[in-house]
Structure formats: C-alpha cells, structure tokens
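Before we start, here is the structure in question, set down as structure tokens.
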C-alpha cells in the first residue's frame, strides 16, 4: 500500500457520546456490508474492520423486500440508488445479525427506520431489550431503568443507535418524518425514552431549511446528528426516456453532492451544539478535512466505499499524515471554517 | 463542425405563451452574455445568436456590485458560483442594454430579481413602460391597459419576462421568496398586473417540496415556469479550510445537479399545467431529451455554455437528428417519462 | 487475502472487431474460477464507480478481459495504454460449477452472444486443466461445442479472442468445434445463436450461456423444453460488486430477488428462469 | 471568426522541470497578441470547465502553452499524448500594449515568476517582429532584460522553455539578458525575483510582470516608488473566459471590480495596484 501506517504521534481518537472511536472515519449506513465484503474478498476484515465504528444497514420493524430493479444508476460525479431499505426485519436482525455485530472488535452504531414517529420508539426498545438480554449490561444492570445510562455503561459504550428519519411513505403522508420538525422531535423523543446510549438522528437534505429539523432532533434528545442522507433525483432510460430505476426516483450520493452536504453540515453546526457525523461525497482526505472544518467530528464514507471498501481506514491514515504535516490536532481542524 | 445542419424535415418550433421559438434551446440567465462573447470571440453571434431566445442576466431595481471574489470554484461534475447579481440597475439597463437587446434577431426573455415581492411589480411596470416607449407596441397601443394583451401583440410576441425569485437576503428575512408560497404568489401576481406578455417564474430547488411553490406561481398568473436555479453549496479553501468563495456559500450547477433538476421538473410537470423551461446540468443532447421527457418544452443551457458558448445551437441540431432517427416529433418526447 | 484493492498495470490492449482485450498484470491476484469477475477502474477515471468484467483469460497474475465499449466506463478502459494503472477488485462472484461441468465436457454446449463470449475461454482452459487430473476420458468426452452469436461481422471479430484458448485446448487433446452465426449474415450463417442451439442440442445435456438477457431466456426455453441442465452468467448494474449495496438484484424464477454479484453471476436455469421439463425429448420448442 | 470552439490536436508535450510545454495544432486559429490567452480542455475530460493558459508560443496555427500541473485540469493536460484532441477557445483577453512596449524595448524589464514566465517568449517574439518594421534602432534599443524567479532548481527547468525565443531574438540582432534567481538558491542566485529587479531597474522605465499575485504586488511597489511604468498579467479563477459569467473579477486599485478575462488579463500597475510616484529616484523602496 502507498499509505504509511497511522502515525502514533497523532491522536485521532474521538469521543462520540459514550462511545470512544480510535479515529473519526466510519461507514455510512447501507453502503458497506462488512460481513459480505469479508466473505467476498478478505476474511481479515472481520478481525480488522476498516472503520472506527461499524454502521449496519437500516433495519425496520417488519421485513422488507426493497424496490424492484434496476436499483442503481451512475450520474455525473455520483449515483442514484433506489434500494428501498430491503432488510430482514428487527426480529430476524436480532436473532441472526446482532450476535455477530457484537463480536466485532469495533463499536457498532445500529440504524433503524420507521414509518411513523412511534416506530422509532418500538425499534429502540426492542433493540435495548435484546442488548440487555445479550448479557452485555453491567453486573448491576438487572431492573435498571432504560434512561439511566450509568448502570449500562458496558454496552452503551459499545453500541449506539442511528435513526434514519428520511424514509419515504411515512405516517404523515407524502412528506417524510425528517422534513417535519414536529415529527422529527416525536421520533427522536420516542427513541430517547427507550434508548440510554448514543442516539444519532440522521437528517435528510431534501428540505428548504435544515436548521429547524436539527433543533427538533436536539430537543427530542439526540446525542448526535448525522447528515446527509441522499438527495431525491431522477434518471431516465436513455432509449425509452422512461424512469430508469425500478423505484422511479432514487437518492443521489457521491462527490456531486459534497458541496451541498458541506453547506448543510456548516449550517447545522451553527445551530445545535451536538457532535455531527458528516457524510456526502467523501472520497479523499481533503473531503474529510472539509467535513471536519464545517463541524463534523466524525466522518462517514458512503458510496465511495463501493470503489474501495478499505477507504475509511486509508483516509484515517492519510488524515494522520496531513495533521502531522500541518502540525495540527483534530481540535485545530474541527469547525475551522466557522 | 461535426454537427450536420438542422434537418428541415423536423419541426423543432415551440410556442412559449405569445412567443414562438424556432427550436427549444435557449440560454440560462447569467450564464451567457451574448454581447460580450460576440465581442470576445465571434461578432457573427449577433447576427446568428446560438439560442432560440436570448435571456440576459438578472436586473434589479438598483445597481449592484455583486459579491467579492473569488466567485467561482469547480466541484465534482459542476461548479459553485457566488456572483451575487452584479448589474447596472434597471434604469441603466433600459438606457444602455434594452435597445441592443431589441435589435437582436431573436425573441428576448428579460430577467428581473427583487428583494421583496413588491419589487417584481415595479420592475415589470418599468420594463413595460420602456417597451411601450420604444415604439414596439401596436399602433393602437396608446392608452392601452397593461393587462390587455391583444393590443400589444407586437412586442409581447418578442419580449418575455422571467422572475428570478430565488435571491438571498430578501424582505421576508433569511428565507428567500421562492421558498414561500405566499411570497411567490405575491411576487408573480405583482408582476402579472403590470406585464401583459410571457411571464416566467424561475423556481429555486432549495426546498423540501417544490409543488406548492409551482402552484403558487401558477395562481399568481405565471404563464410558464423555469427551473431550476442553483443549489446552495459550500466549498472550502484547500489550505486554510475557510470558505473559499467571497460570498461564503455559492450556487451549485452543472451535470452534478441534473438528476435533481430532472426530478423537480418531473414533479412540477405533474402539478401545474404550464409550459416548463427545464435547466440544470444540460450538457449533451441526451440531457435535452431527458428534460423534455420530464415535461420541459423549452430547455436552457447554463454552465455548460461556459465550455462552449455555441452549445445551445449545437444541441438544437443534434436534437433534430435524434428526432429524425427515432421518427419522433417534439410532442412524442414531451412528458414521455410521465 | 489482500490489504485493499489491487493496483494493476495495463500490459496491452488489442482490438477484436468492435471489442477489445485488455491485459492487466495484477500483483497479488488470487486465482479466479471461470465465471468469476473483477471490478476495474482506471486510477485516473472520469466515472464514479468501477465496472464489472468477467475473467476472460488468466495466467498467474496476468489477466485478460474482453470488453465491449458501450458507455463512458468501457470507453475509458478502451483508451488505456500500456503502463496505465488500473484498480482491480476481485476475483468475486460465484462462477461456473466446474465439478459438474468437467465431468460432462463432451455433453456440454457453450453459448455466447456478443461480448457474452467473454467468460468462456477461461472456462475452456479450466475444463482442459481438470481433465489432466483424470486418468482417461471416454470417447467424445473431450469434444466441446461452442456456439457464438454476433450482431454482425464487425462484432464477430470478438470471436478471434477465442483462438488461443481454443488452440491450447486442442493441444491438450480436446476437440473444440466453434460455430458462428450473425444476425445480419455478414459472417457465417444468418440468424440467432439460439437457431444454432436448437439444431445442435441433441446429444448434449448441459448448456452454459452468457449474453443479452433475452438470449439467455431463449436459451433457457430450449433447454427447459428438453429437460437439459443449463447455467447462465447474468448481468446487472452494479455499484459495489461485493454484496454491500444490494443494488444488483434481479428477480429469480420464484419471484425472490438475488444479488448478481454474490448469489451470481452464474445461476442455474431453474433458479433464474424456472423449472426444466421432466422428460428430455431431444426436440426443441 | 470561428463557428464554435476550435478542435486542436496535440502535437507534442515536453517537460521543462516541474512544468511542461504542450504543443497544439489548431486549425482555424486567429493570431493572438502576446499576453492573450486561450481556454483549453481535452475532448475527453474529467473536469467540468476549461482552463485558461497564456499563449507561450505561436507559429501560424501551431501553438505552445507552458503549463504547471497544480490540480486536476492541468494534470489532465499533462497526460496528453500526441494526437489527442483538445477544445480550444481563443485567443481572448487584452494582451500587452505592443505599441507602447516595442518603442521602449531597450528600457523594458520582463519579470516572470514560476509559470508566470509563460507569456513572455511570445512577447519577445512580437517585440522582435515589431522592430523589423522600424528602419533602425538607436543603440541599446535592442537590449531586453529578462528576470526570472523560481522556487527551486526543479521549477527553474521552466526557464529552458525560453531558449528558442531567446535564440530567435538574438538572431534578429536583439540582445537578451536573462537573469535567474531561486528562492532556495538551488540554481542561480538565492532570493526573490524582486531582489533582482531592485538591483537592475535603474536605466529602465517600463516593467512587465507575470507571476503570483504577491510577486506582482511587490514588483509594483518597486516600480511605483520610482515612477516607472508597469504592466501585469493577472490571474483569477475563470468559468467562461469570455465575459459571460462575471466570475473572474478582481478588485482594482480604485476598489471597483474588473473581469480578468475581458478587462485583462493585462492591467497597468496603476489600474491594478495604485498610482505611481511622480519622481523617478532610480532607487527602490
């Protein structure tokens, strides 16, 4: 590899709520299936995942088939996806996936999606119970209250929860939860009541002003905010001129959206005093610096990981080199653009 | 040139309100200064402008300096601009620019920007009076009412008006007119009361749901809708990690935004029954077909014209070839994606 | 096991009709099974995602891909020059079931349409290698029938990329019969490759095919009507190629969705298209 | 007058230290004046906008550009190979005022910093050509002083791109004195080009300069202190290069904004930086 090992003299560690990350680079939900990639190309990934924390794909209460194909189309500087949240549902997830997630040598940030604000509370409660049952709680955890974080330090320091509040077709009609401050607050509050650990609200960029949504998430009790999810876009079949994707529209991600993601991150960082997980078009180490300078203390790699599943680890190494070369600490970069 | 001449057997003409265009390709406001380009590289452009109608840059009531440099930065698949509507103000525009605009062998769609809904009415009234004074009205036009289009056929068939309702820093605070249905309706209505001809409302994409805005523009009396203006984005200086542009944020345009523009065009076409002028990332003839299939009867070239000022004319020729090869008329393409 | 994507170096590019063969030396490459694929992207690339290509030839760390330029990604690869760097991720995917095929080489028909011929030279090479481990073959077990269909004589230039694999097979005592057909009759017979298959199928009981989806479906119709085993290498637009994105799904015969990059790209006819008939009539529909 | 952008063809690419000279044949090219520029973009390009480059050399429709690879656009041009197609828009911009400069060639100092040396070979060529139209020059009127500053010896390799223009000038009876300085002293003297200028200015009364903005500002300080005429070829990020976008503005001395692509790229020191002093002291600040 051309990338030198992480420079031990540079401290890349970040505290994200109760979870400590060895460095700021993680994956974006739905863009990296660690177990599949390990099986397909490199079993060593399970021993040494290329992320500081692993974020699995969104899970919903019920199993979902996802959208009909085609689901992917490349566009200028990015891609549209209309995957449609296929997943096995939370029960099968708990039975089949949670155990192996907990066996990873990294913290995990679970990601859930609901179709009404109330579903987030149900999902959070179900996952909390599963984690408690997994015996990861502190010895004194029996009968502990869900909202008392102290007694559950042992699993809350390893497992967080991200709320994907930008699904289509939700309770409030055609506008998704994440574009409505009232619903956002309700969804986050519902989850917060059931989840004692790191709670991340993932915001949609398909909005005129993101600041009221960020405030609502903070009011609801989010301990961090991640942004951005994808931008709704459309591509046509070149010949028929009909919508190309099975799901008609899709979400735009990749370098094309980076300037938009940076702007939204910058605005949210000026609005709420919570740690941010920045994502949207991160491809190279300059993008990581940009996101951090706009206010993200953690940076997620999404679609660029499709080119290179090892990218987050590579970026972490490159970040260390950049910081060392500039004589900067992470704190010097964070919010530098403001 | 590699492009063959327009195939005479293919009818590319489009009716846009009272204005007939020889073909559907025009320029986007602020991205093509015909007189400057003619002076810089090819005087012949004034005799044979490469657009079916010419749209000059936005004019405001007062002269404006525009934003401080740097104003331009390239991003993946596009660019950010923070030009900031520099212009000489409507009075100097009328005195210096209007006469030469009216001497062009093409229809002209003037473009105005206001800082409150009321300013659009003032601008429309001022331009209407100037056009009437220019002696372009019908012989019986003296004392005619502004809202009676019949008597003014002679200039309304050559001059239209586009309302740029997506300026920053406007009357209603930090949210721009174009993101508020009430202000949109007021701005369009104000202009409609003063302007008898083609009235185009140009919408911003920085919005959660564009449909209420499109409806408000229609209710206000718009005779067409153009979309999209640029998406608000941010780029940092690579070294200092401070905002790179003088105006801090800028507007994203170019191929990167095409999937977003197509989606918005598609949504507006399903919402209002007005002709649409589609723009956003148009670079090649496939983009023209895509825009038309999504509902645009006229297509504007923006930033891609920076690479090639002749692009709209080239695309019109290529469109004729494509239609002939597929055995299609324009009507076969229009709204095909719906 | 690799510590990241591999960085290959272009060793050559050769045109074959409308297609080209791209040779890449890839230090660290693990041997691929026939039917597996790799994701390629020039180090300096104007497209966002890598593109999937079947292994066409493989000799240690020297790989060959047969590529048809259809869009920005393939055209960009077609402009490669010797020494250019190319990111390579692979081998990935489930290839052909060599165990089953090798034992039945004499009753096997290979059907390729257009650039769908790409995976077969490597398959032939593997069948030949597999036979070396067997003490002796019964008569006819070293006869492989290859049916190739092209649009026209220009595209049919791609068939020449078979020559060396075919010669190596012959040298190893295999008899390879290659029949060629073009849709416009500009080279070989005029018609579809399924016309050839319908004529030639009898006496064979397993078909492997790769090509346009419609071709594959037609091949399956023929095979299923006569209860013949069939295997298809299928395509889908991909983002990751390694199971992360769930973007490459296709609908299987039972209505479920499967990822071409992980459950495929090689699927049995039954899985992809539907059950085969119970009785082999030797006749085609 | 052209009917669109011109499509040029790469005739060659030659490295000069950290820079390279790109030669492009451009059918239909109108002769450029020194200081004018063109917008270049490979026909197959991974960047969105064309990039601006001063004319470095010109012989009919054969053009040369001296380019320093600093980002995606310049690096992409640096990978050009002979025969590649390149879109060319130009010549555009207001170049040097040849009328004024030619008459004072002997009192002229050319100051180039880094790749800012690019426009000067063409300027020298034009000064030489202009002298051919004059019957006779007074003594010293054919002496041109060129001061070049570079970061280090590697970058200073760019100075070799001057050689042919310098030789042609000498052949036409001009005497060209080229002084070179590097910031790290790894070639020639150690220091800034403005150090050279301060020493050499006396006896000259017009300076033309191109380089980093800070260098230009420092050159202007020196010139203005001694009331010397100065002209600067300035830079700004551009989108269109032809006056459409108003993206390339810079703030002038009077606080107004001017487009580098139309009002420039060559500005007088007074316009760009401020008035010159009234009395020439022959001394520098």
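A, B, C and D are the chain letters, set down in written order, and residue numbers restart from 1 in every chain.
Note that contacts are C-beta pairs under 8 Å (C-beta built on N, C-alpha and C of every residue); 3 or more make two chains touch, one makes a residue touch a chain.
Given the structure is predicted, the values throughout are model-derived calculations rather than measurements.
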Completion exercise
Rounded to the nearest Å, the gap between Cα centres of chain C and chain D is 56
Fill in the blank from the handout: Chain-centre distance (mean CA atoms) for chain A and chain D, in whole Å, is 50
Fill in the blank from the handout: Averaging C-alpha coordinates per chain, one finds the centres of chain A and chain C separated by a number of Å equal to 38
Exercise for the section: List the centre-to-centre spacing of chain A and chain B in whole Å, with centres computed as mean CA coordinates. Expected result: 38
Practice task
Would you mind listing the residues of chain C that make contact with two or more other chains?
Solution key: none
Problem - Two or more partner chains touched - positions in chain B - result: 77-78, 254-255
Practice task
Sort the chain contact graph into one of these: line, ring, star, complete or other.
Solution key: ring
Completion exercise
Per the touch criterion, the pairs are A-B, A-C, B-D, C-D
Completion exercise
Per the touch rule above, chain C residues touching chain A in the complex are 1-5, 41, 47-50, 73, 87, 89-90, 92, 236-251, 257, 261-262
Handout entry: Footprint of chain D on chain B - complex, ascending
Key = 1, 30-33, 36-37, 39-44, 57, 65-66, 68-74, 77-79, 81, 83, 86, 254-255, 303, 305-310, 314
Fill in the blank from the handout: So, in the complex, the side of chain D touching chain C is made of residues 44-46, 76, 79, 81
Fill in the blank from the handout: chain B contacts chain A in the complex at 75-78, 80, 175, 179, 206-209, 231-236, 238, 240-243, 249-250, 252, 254-260, 262-263, 266, 281, 286, 289-290, 293-294, 333, 336-337
